[in-house]
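Both complexes shown next keep chain A, but they swap its partner, so chain B is in the first and chain C is in the second.
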Partner chain A sequence: MAKFSAKPKDLAKIRYTPPKTEWTETPVEFREHMFCHSAKPKDLETVGFPYGRAWSAKDDDWKLPDNWEQIILQGMKDLLGKYRSFQLFMDICVRCGACADKCHFFIGSGDPKNMPVLRAELLRSVYRGNFTLAGKILRKLAGARDLTVGVLKEWWYYFYQCTECRRCSVFCPYGIDTAEITMMGRELMNMIGLQLGWIGGPVAACYMKGNHLGLEPHTIKSSIEFFLDDIETLTGIKIEPSFNRKGAEILFVTPSGDLFANPGTYTAMGYLMLFHELGLDYTWSTYASEGGNFGFFTSNEMAKRLNSKIYAEAKRLGVKWILGGECGHMWRVLSQYMDTWNGPADFMEVPKSPITGTVFDNAKSMKMVHIAEFTADLIKHNKLKLDKSRNDHLNVTFHDSCNTSRGMGLLEEPRYIINNVCNHFHEMPENTIREKTFCCGSGTGLNASENMELRMRGGFPRANAVKYVHERYGVNLLANVCAIDRATLSASMDYWVPGVGVAGVHELVGNALIMKGEKERTQDMRLEPLPEKEGSENV
Partner chain B sequence: MKLSNLLSEKRPAILERWFDVVLETYPADTKNFLQKQNNQFANPVGHTIHQGMESILNGLLSGSDLQEFSTPLDNIIRIRAVQDIAASQAVAFILSLKKLIREELEKSQRMDSFIKELSLLEDKIDTLVLMSFDIYMQCREKIYDLKANETKRLTYRLLQRANLVCEVEEPGPQQND
Partner chain C sequence: MPSMEIAGKQVEVDEDGYMINLDEWNKDIALAMAKGDGIDLSDSHWEIINFLRDYYQKYQIAPMIKILVKEVGKVMGPDKGNTKYLYELFPDGPAKQACRYAGLPKPTGCV
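Then we have the complex of A and B:
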């Protein structure tokens, strides 16, 4: 064995700087906790995605189809022809760098390839090399690259380190949306079977059973019945919601995660209590049993197919309009695509609150209203009796989900609700909320558990802002209107800011809602004892 | 003159050079960002690390108790534990402080008169390294914990339906803890 001969003074000279190779020449290395498992062949087959096979990112040989380059380049050509935005985004970036430091994955990891401009460049370099004259002639000088297995691996690594959150696009002077470039990257990789298990599984389940978990109608029903028992324990009130009821005025659709995953389940209890209290003429559906759409993380066509059940079920049941639960990507898909894909839904009416008479003109064409809009309107018209002090043990801040804020402009309603059901609310710093909100770090199907290290990196900028209000104002609850946030931020808080819980806004509504005939509440929605209310004598 | 007084005068320079040691572990573009972006929310990594290092240095110069170092160390190591670096690298920056301090003393040409104080200070720095390793390990173990807890949360109601959830008493805090 070689003798260790360095003298202390030499040791002090060790440089820790990573090798300074060009980004185009630094290959990716797949480390545990940093990437997701690959999709199961049977899940891909279920929906007709090609080239399902057993493979892992760590393998040298990804068992690619023989003509994979040809498939990708042809696919790229087709997508460039189909989406003008893609063609534009490939051509117009001036590499000004305004987006470079805006991505939570770059900020948290320090990996330059997570700068949005470089992420896009992964695809753009291949575009230049194959679709532009300058690239074909000048090659490297014009920033062009060949499509090699190494490049493909890089695509896979980095397009699954982008949550399509669109924060970078807010800062780009040309409005280049790197999220859309990632979508194209993922769609291309899908053409040769390179998909994530955490996406492929839910997509197949949703296609077969209507929801990501593959729950059958009786399971959905019995899960909701569990909530009803808890609500009865809490309030003494027995609620009897209806399922698949034809002729109901409103169809309610929510992400299935809230039926099973804590803490989302408490939000679902909040919906049930609110609707009961209002005497709303609504129904759950065990078929349109998923508001979310993981198809959106694979291809446009798949997202459209999975989405089609929502209008179809509304038509079958003959409802007048649709109310949707708290979710992020579900709403991006609904408000930006559903109508174009599967509309016009002219068999329904323009949504009108039966309680306040408010007509939701913003949903005139789509016929679907976000529950935060619906509830904020109720509060505005004084239709709810609320006891804010039941949330006094909570000191709340609000996380804007990328999709509801940047994707649909839902900024005020959740805040308005929170301020009406809670006494203690503190905003996080201005450059981390609203349109500039930081992603939870685990959206777009990256909320698998095997990539936890990656998720913690990406989640740090958000968590850092939470930590600030936690330390400064004693914030102990991170509220949000997204099912994925409820799951992923719980892990993020656990790592970065222990002591801060996570809840949906309608859990807080459920706590505060004074229901007719309810018994005195001694517990909160989680059936935990309500602490003595400060300064209140009659409790 | 005491060693701590001498070093206190040099404190800003030492801190910046020390911070530079950490920055050197990142690629050039990242280094630039971590160093130049002053907004603590836009640049949480740079800010947290810099602030943590400042507290550690201040603590060392003012003779703080060891427990005073655990928060700033945790803040830094928690970040480094989920970045693309080896465990040794995640904590190596603490050792480099010894070299920086010695260099300052060499410049002042008064190394000999401080040798005893210096060795005490260096012992303390060594202890900080050991503390950092513990924190690093806790962070890495936490990653596994997060996975397990998440799976439990995600399927809570399913398990409840299948009667698989039982109430487990949380173990109380240990005595003398």
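Then we have the complex of A and C:
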């Protein structure tokens, strides 16, 4: 496969003129760099997913099981029976079009099938044809379609061009959650083995080893020890965290990307420094070693299986509550599903900060607190000594992750932290942040390398907003609270807005945090020399 | 799975050319893969490839680039423990290119 080499200025020329043919008469065209490799059979077998086989989307023959239509239609019937939301969303859309231009993939590609309404219609047309009386009798007149191989290929192409970010849902007058439609579409395709390699691999690794990257316990430990070395170089302080420790007050769970991928590793250093400074009674786990959940991009049942280890480990270790790291989809799963899937977690207590005494009533049921809430509370109670000037070389803007903003309403806390650890902060335009935030463009398992054109197109609206504050205010750092963001926005900034770096919020906290007994800092968290301080600006 | 004929032998590889069965690896395969990219493997290349294989043996994953840089620096001296040196040896990136020659799976980065 040729390397993705399209220039940004060419990719930015987007045609919004729809094809002349009717959408039902426009077959999907599989273009290189726009879709992902298929899942490896052994990864599907590992978790008991059916029909693992070697196939590629660009082949004519997808080697589908003989009764694939029957499997899909029966599956659809089961899902309609199980999820009232799915039934509702299939029935109630009036095609007003409010969602049409809200999708980052539509904005970045101009492909009408990336309008959320039309993407959903790919599934609705089959629903009507098979599950509604009007559709069965009136067929095309009632917007019904037969389920054919062509339709299936269209599903696959476009349901893997949706990152379940739910921006469109914010604008839908009916509140239709298009993410749930995509989830159902992916779950159906999963029934006949049409899974992505980039999702299937991490799911199997997480199932077997506890985390997406497949890190063994001693690998996790060695990685953290590596960070501790760097922290010692930076601060002169030796930190000794504990692993799998029974009786700790708090279990800390974060995405494995923080342990093994830049720039997430600097965020992990920030966690370690903060917890040490607080003297927090906490433990890492090499079993519940993944906060993220790629199972969520295959089926709800798989997400539930992978999620179960978090409560199981909390119970085994006897902790009082769980603190969670910076991640996006991890928090959608935790705050909206974990409690009912694998709870009740009544063996724990309502989370209470041992430092400030704040009781996190919002986490009364799930017993898990987002680190941004935890740290913002510390700052609010003056529990941290901070030197903002150590971040003076950074001019920061904040990218709301789809899942923390729209999925759990975490809007103020990260901003409050950033404003207390940095002197220079500028918001991107109002319609691109908070609940209206644009996706990084590569969530829900689309952060592979073979689909780079798709990723850059999907990342275009976010990058465009960054470019605006970069040019207007000189912003040079895009902060966020998500491991996938840290990896994917790095690529998208390099492509669209060179000169803008990417960092987790707790990397900035680590820079600013004045630790007891530390030596004078001459480097930042990346062990780059700290530029001459600007002195008087220190507040 | 696709396969490549390397050094007179069929070797199973993934879509990006990384070997599927790590046990099948031998030096000829590394030489042939490098030759395909127009690189003659020198002792300096082999130092890195061998380091990667040892690391993988121990940790079951390819090292992060910053670990690679630091460890190489420790073992082989500071003049080799930097990204510039590693990129000179492996222009497509030490993580990706060197791992492929070493028979390791494709590095995953953040998932």
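Keep this in mind: the second predicted complex is superposed on the first by the 515 of 539 C-alpha atoms of A that agree within 3 Å, B and C clash if a C-alpha of one lies under 4 Å from a C-alpha of the other, contacts with A are read in each partner's own complex, and residues count from 1 in each chain.
Here, a contact is a pair of C-beta atoms (placed from the backbone, for glycine too) under 8 Å apart; a residue touches a chain by one contact, two chains touch by 3 or more.
Note that the structure is a prediction, hence the values are computed from the model and not measured.
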{"item": "Partner chain(s) touched by A:222 [first = chain B, second = chain C, both, neither]", "value": "both"}
{"item": "First (chain B), second (chain C), both or neither touched by A:464", "value": "first"}
{"item": "Touched partner set for A:112, first chain B, second chain C, both or neither", "value": "first"}
{"item": "First (chain B), second (chain C), both or neither touched by A:261", "value": "both"}
{"item": "Which superposed partner A:450 touches (first chain B, second chain C, both, neither)", "value": "both"}
{"item": "More chain A residues in contact - chain B or chain C", "value": "B"}
{"item": "Contacts of A:494 with chain B and chain C, given as first, second, both or neither", "value": "first"}
{"item": "Partner chain(s) touched by A:484 [first = chain B, second = chain C, both, neither]", "value": "second"}
{"item": "Partner chain(s) touched by A:37 [first = chain B, second = chain C, both, neither]", "value": "second"}
{"item": "Footprint overlap on chain A, comparing chain B with chain C", "value": "219, 222-223, 226, 257, 260-262, 265, 449-450, 487"}
{"item": "List of chain A residues in touch with chain B within their complex", "value": "12, 15-18, 20, 31, 33, 100-101, 106-112, 115, 219, 222-223, 226, 257, 259-263, 265, 429, 431-432, 449-450, 452-453, 456-457, 460-461, 464-465, 468, 487, 490-491, 494-496"}
{"item": "Touch list for chain A against partner chain C, complex", "value": "1, 37, 40, 54, 56, 197-198, 201-202, 212-216, 218-219, 222-223, 226, 255-257, 260-262, 264-265, 292, 294, 445, 447, 449-450, 483-484, 486-488"}
{"item": "Touching residues on chain C, where the partner in the complex is chain A", "value": "1, 14-16, 59-61, 64-67, 70, 108-111"}
{"item": "For the chain B and chain A complex, residues of the former touching the latter", "value": "21, 24-30, 33-34, 37, 39-45, 48, 78-79, 82-84, 89, 92, 96, 99, 139, 142-143, 145-147, 149-151, 153-158, 160-161"}
